[in-house]
Amino acid sequence: MYELGVVYRNIERADSATADALAKLGSATVHEAMGRVGLLKPYMRPIYPGVPVSGTAVTVLLQPGDNWMMHVAAEQIRPGDIVVAAVTAECTDGYFGDLLATSFQSRGARALIIDAGVRDVKTLQEMNFPVWSRAISSKGTIKATLGSVNIPVVCAGMLVTPGDVIVADDDGVVCVPKAMAAKALEAATAREANEGAKREKLASGVLGLDMYKMREPLEKAGLRYID
Amino acid sequence: MYELGVVYRNIERADSATADALAKLGSATVHEAMGRVGLLKPYMRPIYPGVPVSGTAVTVLLQPGDNWMMHVAAEQIRPGDIVVAAVTAECTDGYFGDLLATSFQSRGARALIIDAGVRDVKTLQEMNFPVWSRAISSKGTIKATLGSVNIPVVCAGMLVTPGDVIVADDDGVVCVPKAMAAKALEAATAREANEGAKREKLASGVLGLDMYKMREPLEKAGLRYID
Amino acid sequence: MYELGVVYRNIERADSATADALAKLGSATVHEAMGRVGLLKPYMRPIYPGVPVSGTAVTVLLQPGDNWMMHVAAEQIRPGDIVVAAVTAECTDGYFGDLLATSFQSRGARALIIDAGVRDVKTLQEMNFPVWSRAISSKGTIKATLGSVNIPVVCAGMLVTPGDVIVADDDGVVCVPKAMAAKALEAATAREANEGAKREKLASGVLGLDMYKMREPLEKAGLRYID
Amino acid sequence: MYELGVVYRNIERADSATADALAKLGSATVHEAMGRVGLLKPYMRPIYPGVPVSGTAVTVLLQPGDNWMMHVAAEQIRPGDIVVAAVTAECTDGYFGDLLATSFQSRGARALIIDAGVRDVKTLQEMNFPVWSRAISSKGTIKATLGSVNIPVVCAGMLVTPGDVIVADDDGVVCVPKAMAAKALEAATAREANEGAKREKLASGVLGLDMYKMREPLEKAGLRYID
Amino acid sequence: MYELGVVYRNIERADSATADALAKLGSATVHEAMGRVGLLKPYMRPIYPGVPVSGTAVTVLLQPGDNWMMHVAAEQIRPGDIVVAAVTAECTDGYFGDLLATSFQSRGARALIIDAGVRDVKTLQEMNFPVWSRAISSKGTIKATLGSVNIPVVCAGMLVTPGDVIVADDDGVVCVPKAMAAKALEAATAREANEGAKREKLASGVLGLDMYKMREPLEKAGLRYID
Amino acid sequence: MYELGVVYRNIERADSATADALAKLGSATVHEAMGRVGLLKPYMRPIYPGVPVSGTAVTVLLQPGDNWMMHVAAEQIRPGDIVVAAVTAECTDGYFGDLLATSFQSRGARALIIDAGVRDVKTLQEMNFPVWSRAISSKGTIKATLGSVNIPVVCAGMLVTPGDVIVADDDGVVCVPKAMAAKALEAATAREANEGAKREKLASGVLGLDMYKMREPLEKAGLRYID
């Protein structure tokens, strides 16, 4: 439930070194490292592929078909932030285009995560400003109704609190609460470290059945092989 | 982002007289009275129509295809509660049927709000146990993985904190944070009081254009009448 | 493409006797009689079943999340009309509830067809005011942006011109252009007259294969029976 | 993959006593009794609620927007059959209305399961002919292209072989292969027998946690209670 | 509502210089310049990105699963045209592939906008023939039922009259009625001219809040800043 | 209806030369050559475009949110196989990532067709391991419940029997039953041979109307040209 018409100026951001380091681990590994939680719904897709990012969340709550608060949010961006935008109802309108992207980028924003639509996607790619959205749409918006900036929002089914870490890549978007960021980084790094050796074994033909010692539990569960 | 494997036993519930009084005002009026916020997504539909309810939320976080935590939640129900169930991924399986409903009802639960599927819907109607869900499905679930009970959850796009008031009817489901419940009741009651007179006027043929004094602002906005 | 900010006051309505007579023939028969055209998309569903209606269209174009023009439309309603509401973008908000229904009904409207959401559905059924919509939602709307009244609109994929006949029942909604209404009534009546005899034959066990003389064309098309 | 243009006249049907007996056990219980398989996708919904049925499958494969084969199928129906209709592409057109229902009913069909649309739903309810479908639509169909009758079809994601048992109710539709029907009946009956005692216990306030002895496995899995 | 079985050979096309000039302004700018109308639904996506086009509409109305009229439409194409295809029901079949594209291209068509599916997408990209569609599907179609060519059609929710200008790019598709084309070009060009200066300002760090003078209206609307 | 907990080790695969040869003909041509059947639903999309493949099917049936059987399936892969994975309920979780892909690739698998989600899509592209899926999702899975390997499965609406040929490209996925593979190759090759001449004619400006001799049947069907 949302408080409307407010802008919180002083939010506590997760440690920036931690936030920065999570990008290269990727959304899947970070999600697993946190105990398999934190993902936004999979309908959130990158408007162009190939750009993994991480950063600290500046949140914005929008009204349907109204992007007024995006301009308010721009002022609250600091270098290293990722803007996370939620809407009070389902909407696919194009809330964001190349002008807002120019403004966000000049403030130091790394990306936009928006549970709605965006436009000017070709220019956004040329500007190298990545966006994860539920839609692409030319549909314009008005500027008439207040939402809020830097309140906790639910974006694509996930609660995002201002200052949390966002990790986004071609696989999706994950939110890491700031209190868990250091631990998540550590766990994800450990998980990642492990993967090189596993990959090598699997590439050499060793089966996961053997590497993970699954044959016995599968047999216990009743698996039968038939020739 | 969710804490897994925990059950909070002592939650602070909204005042029960307030919670009880909100049902008859309805989800639309309460949502308007709070400033047009608090609604779960409209894909949440009653499995049978005609039963407005309100009560205090006991929350449960479920894993996909796994209803183990529903049994854990049953023990935390007190008379006047409404169980609000979220899932860590999109799922339409039938997590809940007549046996769980019998248990919930015997504990005093008034309804279930679940962002997944339910089954035995004919029996649930005969038992007079209302459910709002995203799906109806015979698909059964397993009992293998922990979720949590009475943590804040995101259900159908809305954050629900244990003890919040839930108001549900044929129009949808709204969550009223416990800190706002008294004020929401007051505002909704005032709004409702107003409606009788308005309805009478409109029934007599008075136009909303005149009753709400819209002709001038419409003209200012540029509306043109063409004969 | 839409002209915004205009209200056409004098529209030419289809002949009212014709418009009235189409209800009892039903949307499927009328659609077939016109050569299998005219249907709105099947996501348009009655909010409660069992009420076939027909009448002349008063159209309204709405902006997303904004029901201002519904009040403007109310004044243009004459007895026997059905209001047809389109939105400039996809939206499921609850544009219409019991107050507007009271106003529409007092002006003589028979139904609402809306490519968006409505609320107060229980009261609408008690008032006996039928609605076909794409959604049911408590979500409220604002009054800030102009649309139009009585311009041609596209509602759920079908072009509806003011004054056209709308036929709606549990099977869906069909639009009959006013220029075709008399011919459609005639053709639909003929079609209907035919059906009683067919139904009797089929009920007695005669097969459609024989009644429609399909055996030869099926054989020509290559159908093979295998024992 | 489908054989087109063929009608198999002599299919082996499941034992009729078994097929008849499954209706009252319901789709959810039968699905569980078979090891949690056999369900059609949950988008298949009854066009009106409250009628549990079971019977032996006569299958029909349809082309998009073409209901020719429904007439061919009618001839293959025997008393106690349920017609299961699949389409070679996704389609919501209204393939079936009151005339075909009259024909099917006169041949002894108990219901239709169709992965497409139907129309005349009000009349179908008055005739007491239940249908489970993916859509309701007035849209008519043509008779131009061959499909097949009584070949194995995939309907709403489930393989249905002619003569299999179909069990359908408000919770959904399940297919029981004829070779498994007797065993499924036995297992479902046993399951059902069990439920009365469980329901009584739960109604008296015993928790599932205790009745199913879940406390220990939950503790082992790491569940923590916090006061 | 559609007239079936007709081909209009002499349509009035929008001025070709105007039609050609709109491509580089883009669908979003043109839509804004017309007063925020004219867009097809955002489910219409390019089968490959990066190709902005504009041209005059040749329209075709198709029957579900039947592409016969596409061949009829081919003959009506003139250099600079864009074919706009609607279907009388929702359908995702592959109506169009490399052979039809070869024919369309040889007639001078610049693109296809189709509210259905297409196939041979890899070859279409190699041929440099852009398509905006609702689906990609290998599913073939038949040639059995008449539709029409060059009648007004509703494509993806928007009315398109033969000869209107179509503007399509990665953001979506907009229809500009021929009577408005000159004015739309002028307004869009003015809008575009404006954007360079704005972009520069925003890039230099000036906020939209200041550039658009939003601080006062936001304050009036009640926005509160909290430190 | 599925047999659970079994792995068939000795499946009969379609002839490998035939299976290999179908890739370059493409899913659309092969589907047409078989009489317009065999396609999986069009929601199955390549995670990256441009890689046509064909091979013999190893099938796996998965439980919702559980990828245990993928490891069991890995052992059954032989060079030239394509793994086809179905789930017992609708699910978009990420069942498959770079580690499993490494294992599958080292066993000789050419691709994965999965009616669920996958992750690590950027790495999968770098590895040149193509996947057709219904979703992309970071969401992890558990290993708790048995499915089966090498039983007939329904994947995206199509029955796939182990050893059948799978043909997949940017247009979609088609299943060729092994008994029909040789004939399908022959028919598709003939069809393809034909296309070059047609393409040349169409490119030179000959109309399909003339090339396919459609003018007469169109006239017979009642097509009217209006000047």
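Observations
Read from first to last, the chains carry the letters A, B, C, D, E and F; within each, the first residue is number 1.
Basically, a contact is a pair of C-beta atoms (placed from the backbone, for glycine too) under 8 Å apart; a residue touches a chain by one contact, two chains touch by 3 or more.
Quantities reported herein were computed from a predicted structural model and do not represent experimental measurements.
The minimum number of touch steps separating subunit C from subunit E is 1.
More than half of the contact pairs of C-E, counted by residue number, reappear in one of D-F, B-C or B-D; that pair is D-F.
Here D-E and A-E were compared by C-beta pairs in contact; the pair with more is A-E. Spacing of subunit A relative to subunit B, judged by their CA centroids, is 28 angstrom.
For the pair subunit A and subunit F, the distance between C-alpha centroids works out to 31 Å. With centres taken as mean Cα positions, subunit F sits 42 Å from subunit B. Residue positions of subunit C touching 2 or more other chains: 36, 39, 42, 88-90, 92, 139, 145. Shown are all chain pairs that touch, namely A-B, A-C, A-E, A-F, B-C, B-D, B-F, C-D, C-E, D-E, D-F, E-F.
Note for the complex: subunit D touches subunit E at residues 63-66, 88-93, 137, 139, 142, 144-145. Here subunit A touches subunit F in the complex through residues 26-28, 31-32, 36, 39, 42, 45, 49-50, 52, 169-172, 174, 195, 198-199, 202-205, 207-209, 212, 214, 218, 221-227, going by the rule given at the top.
Here subunit E touches subunit F in the complex through residues 5-10, 68, 71-72, 74-75, 92, 94, 97-100, 102-103, 105-107, 117, 119-122, 135-140, 143, 145-146, going by the rule given at the top. On the side of subunit C, the complex with subunit E involves touching residues 1-2, 4, 34-39, 41-42, 88-90, 152, 154, 157-159, 164, 175-177, 180.
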